[in-house]
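One chain, chain A, appears in both complexes that follow, with chain B as partner in the first and chain C in the second.
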Partner chain A sequence: MEQNEDIRLMKGNEAMAEAAIQAGMDAYFGYPITPQSEVLEYLTREMPSRNFLALQAESEVASINMVYGAAGAGARVMTSSSSPGWSLMQEGVSYIASAQLPCLLVNVNRGGPGLGTIQPSQGDYFQATKGGGHGDYRLIVLAPNSVQEMADFVFLGFELADKYRNPVLMLSDGAIGQMMERVIFRNREIKKIAKPWATTGKTKDRERNIITSLFIQPEKMEKVNLELMKKYEEIEKNEKRYEEIFTDDADYIIVAYGLSARISHKVVLLAREKGIKVGLLRPITLWPYPSEVLNKLADKAKGMFVVELNAGQMIEDVRLAVNGKVRVEHYGRMGGIIPSPEEVEEHFEKFIKTL
Partner chain B sequence: MENKEILTPQCIVEGDDTYDLVYDKSHIMTETRLHYCPGCGHSTAHKILAEVIQEMGIQDNVVGVAPVGCSVFAYDYLHIDWQEAAHGRATAVATGIKRCLPDRYVFTYQGDGDLAAIGTGETIHCVNRGENIVIIFINNGVYGMTSGQMAPTSLAGMKTTTSPYGRDVHTMGYPIKVSELIAPLPGAFYVTRQAVHTPNAVRKAKKAIENGFKYQKLGKGTSFIEIISNCPSNWKMTPVQTNEFIETDMIKYYPLGDVKVPSKEDLKELK
Partner chain C sequence: MLNEEIIIAGFGGQGVLSMGQTLGYASMVEGKNVSWMPSYGPEMRGGTANCITIVSDSTISSPIVSRYDTGILLNQPSMEKFESRIKKGGIIVYESTNILHASERKDIGIYAIPAAAAANKLNNVKVANMILLGAFLEKKPIVSLDSVIAALKKVLPERYHNLLPMNRQALEVGAELMRKAS
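Here is the complex of A and B:
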């Protein structure tokens, strides 16, 4: 063990909360919802001895608007929720994206639609990556597949949010949030950048700062839209993240993120034992989406198999990425059911036989 | 008046003549032309708010939160830092600001649709937490910006575009008295209802706003200042008639005066 390493056994939700404190979070606003209530519990427990604020709001609607206020005041701020609560936040998220306020948002995805179930799901992929709220905006979406990444992506998320003045969403799920694993906290240097645009009181040396998402003249609104598009282009250029496992010699590619990627990793190992050359491409950023690498892999692969805990959402992005080069099919379970690697492997083999 | 020269705040010299300055526009007001209809009480409410900020010398230290409604552009008119909130969420936004900047003065400026309909939950819980902010609540009994729909505060029988035969309280609910609703909450430190329809009312309303900002320093809870206002365009009256209507109808249902005042003990620390 290195001297600056701190190894713990923690739930994903707790690791995320601990990471937020270590990342110099100033404020957290949240509302209880399964399967992520540990975040608020952990933070309110730690608050008296460590320097940050955790406040239980009366709703997710209030939480996200408190995040708006705090982010606009220059604070490093965060909220977390799960699917129904995340839906409630969408209006506020749209305002935050428009006003370009840096903050970290977390959705520990559970099964839906509606009140659904409290078990893990990836049914919120569309909502996370295609909008969620109204208007033309993008969130940077990080998809952890382990307790370690739930912690690591908090640091990364705050940094990216500040760098681009953009909300960052960590899209986890009920399994990664609830499971206990080894997690390592390293001593990190916390970088906080100046926020001269924040509403901290109009001192004499500057003009007044206004945080708003209202641009009622179409010419001004379009200017803001174009500014946002330019920023999103920059993010697409710089921030695509993914992991490749056994893709070098692969005849087939499984594409999966988060919990599905853990299952699919095992599927790859099972298939390779049988002599099937299959690799895994795990998108880490769901937006910006790692399309180019998929397109390149499609030159060599005979087919792609998308594994998701939903009815088939990310598959649309995979098909767009490969642009008809290879056949792309989907396997998923819903309702909070987690398929075994053997079950997925069986369906994968059926798929490759049709190619 | 090229040779107009301000010697002191109280004295103007123009050529050979010297005048006492008896009235000047607050420098907290920007040069932006107000978009409010002629005779609307928002302009007066903005003016006294600006005067309080100027007189207390807190311009450097104050953050306002604008609502959605007629006063959505409030941030264009006062020369301070502002945030524009989503509809009804001003008190949640203000909570986020105040909790991160506890030494700043934070206030919201909200209309009746914003605060008492879509934002009721945020309003009650903000006050219940005793957030140390000032809430300025403009009650004119109508949705102004969307052009005259029924508000939660529209009087019984009031004709609006969505209660064209008059507000029937049995099917559309009763006009809600927010000040009386929140005053019993322990987090409410100061709750008052004022108006801006006469010079005397304006003076009292200004004093109430000033109290609210002063009390914020004590950190003992929320100051809630309701201001009964008018809406000539949507009440379909002249400005003078609206002022009469405030006197004859609005105030009868929404009586003016303090609803909850701090005790002497509470104000001990205030110099």
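Here is the complex of A and C:
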């Protein structure tokens, strides 16, 4: 063990909370909901001895608007919730995106629609990547697939949010949030940048800062829209992240993120034992989406198999990415059911027989 | 190469989840990879609470598996639910004070450990889970008892550290019961 390493066995939710404190989070506003209630529990337990604010708001609507206010004042700020609670926040998220405020948002996805179930799901992919709220906006969406990444992406999320003045969403799920794994905390330097735009009280030597999402004149609104589009283009250019496992010689590609990617990793190992050359492409950023690498892999692959804990959502982005070069099919379970690697492997083998 | 996939299952309150966590922590102390996946929510209020604990020398791909190398089973519903999901050549270690009808499979090792009765003799029914863990580790020594104690030191709040000798004793009683059962 290196001296500056702190190794722990933690739940994903706890690792995320600990990482937030270590990343210099100033404030957390949230409202409890399974399967991510450990976040608020952990933070309120740690608050007396460490320097940050954690507050249980009266609702998710209040939480997100507190995030809006604190982010506007230049604070490093965060909230987390799970599917139904995350839906309640969407109006505020749209305002924050419009006002271009950096913050970290977390959805520990559970089964839906509606109040649904408390078990893991990936049913919120569309909502996360295509705009859960109104208007033309984008969130940077990070999809962790381990407890370690639940921690690491907090640091990354805060940094990306600050860099682009854009809300960052970590889209996790009930399994990654609830499971325990080894997590390493490295003694990191906290990167914070100046926020001259923040509303911290006007001084005589500058104009006042205004944070708003209301641009009533169409010309002004469109100017803001164009500014946002330019920023999103920049993010698309710089921030696509993914992981490739055994794709070098692969005849078939499985595409999966988060928990599904962990299951699919095992599917790849099971199929390779049988001599089937299959690889895994794991998108780490769900927006911006790593389309180019998929398009390139489609040149060699005979087919692509998308594994998700939903009815087939990310498959649309895979099909757009490969643009008809290969057949793309989907396997998923819903309602909080998690398929075993053997179950997915069986359906994968059925798929490749049809090619 | 070590890759042990374990299902631990019983009623809520039998120390099922904490047994998996303790084993997970001990494995981590020894530098191994570990994943611990609890069943949570409605399922915990019904027949069985369970956790899948995987200990491996290499990277753990799926934390969820449908077949296991080992089942540590603490009640009858768990025996019925999981006995068929133990891999050929695997083992079941079960709490034989609670479970009256054990698996009759011939292709796995089945070990009856009267952990609840033994825990009663130690005047602490709560250590029945540590007795079972000790029994399992006697059969499959994937981590040392010292590492388990080191793990307990980490997971137990300091005010309970006076219970560490009792837990050590429970692990050793479990190992002894396993030697008798084998």
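Operating definition for what follows: the second predicted complex is superposed on the first by the 355 of 355 C-alpha atoms of A that agree within 3 Å, B and C clash if a C-alpha of one lies under 4 Å from a C-alpha of the other, contacts with A are read in each partner's own complex, and residues count from 1 in each chain.
Following the convention adopted for this analysis, contacts are C-beta pairs under 8 Å (C-beta built on N, C-alpha and C of every residue); 3 or more make two chains touch, one makes a residue touch a chain.
These figures come from a predicted structure and were not determined experimentally.
Participant: Looking at A:L139, would you say it contacts chain B, chain C, both, or neither? Reply first, second, both or neither.
Facilitator: Touch partners of A:L139: none, neither chain B nor chain C.
Participant: According to the stated criteria, A:V61 is in contact with first (chain B), second (chain C), both, or neither; which is it?
Facilitator: Only chain B is touched by A:V61; chain C is not.
Participant: Quick check on the superposed pair: does A:I33 touch chain B, chain C, both, or neither? Answer first, second, both or neither.
Facilitator: A:I33 sits against neither chain B nor chain C.
Participant: Per the contact definition in the header, classify A:R208: touching chain B only (first), chain C only (second), both, or neither.
Facilitator: In the superposed model, A:R208 contacts chain B only, not chain C.
Participant: First (chain B), second (chain C), both or neither: which does A:E91 touch?
Facilitator: first
Participant: For A:L228, select first, second, both or neither according to whether it touches chain B, chain C, the two together, or no partner.
Facilitator: Once the two structures are laid over each other on A, A:L228 reaches no partner at all.
Participant: Let me test your reading of the model: by the given contact rule, A:I338 touches which partner, first (chain B), second (chain C), both or neither?
Facilitator: Only chain C is touched by A:I338; chain B is not.
Participant: Following superposition on chain A, which residues of chain A contact chain B and also contact chain C?
Facilitator: In chain A, nothing is touched by chain B and also by chain C.
Participant: Using the touch rule from the top, collect the residues of chain C that touch chain A in their complex.
Facilitator: The touching residues are 21, 24-25, 28, 33-38, 40-42, 60-67.
Participant: If we count contacts the way the header does, which residues on chain A are in touch with chain B in the complex?
Facilitator: 26-27, 29, 53, 55, 57-59, 61-63, 65-75, 77, 91-92, 95, 99, 199-204, 208-214
Participant: Which residues of chain A touch chain C in the complex?
Facilitator: Contacts found on chain A: 7, 9, 34-35, 117-119, 175, 178-182, 259, 262-263, 265-266, 268-269, 338, 340-343.
Participant: Show me the residue ranges of chain B that touch chain A in the complex, using the header's touch definition.
Facilitator: The contact residues of chain B facing chain A are 59-63, 65-66, 72-73, 75, 79-86, 89, 92-97, 99-101, 104, 121-122, 125.
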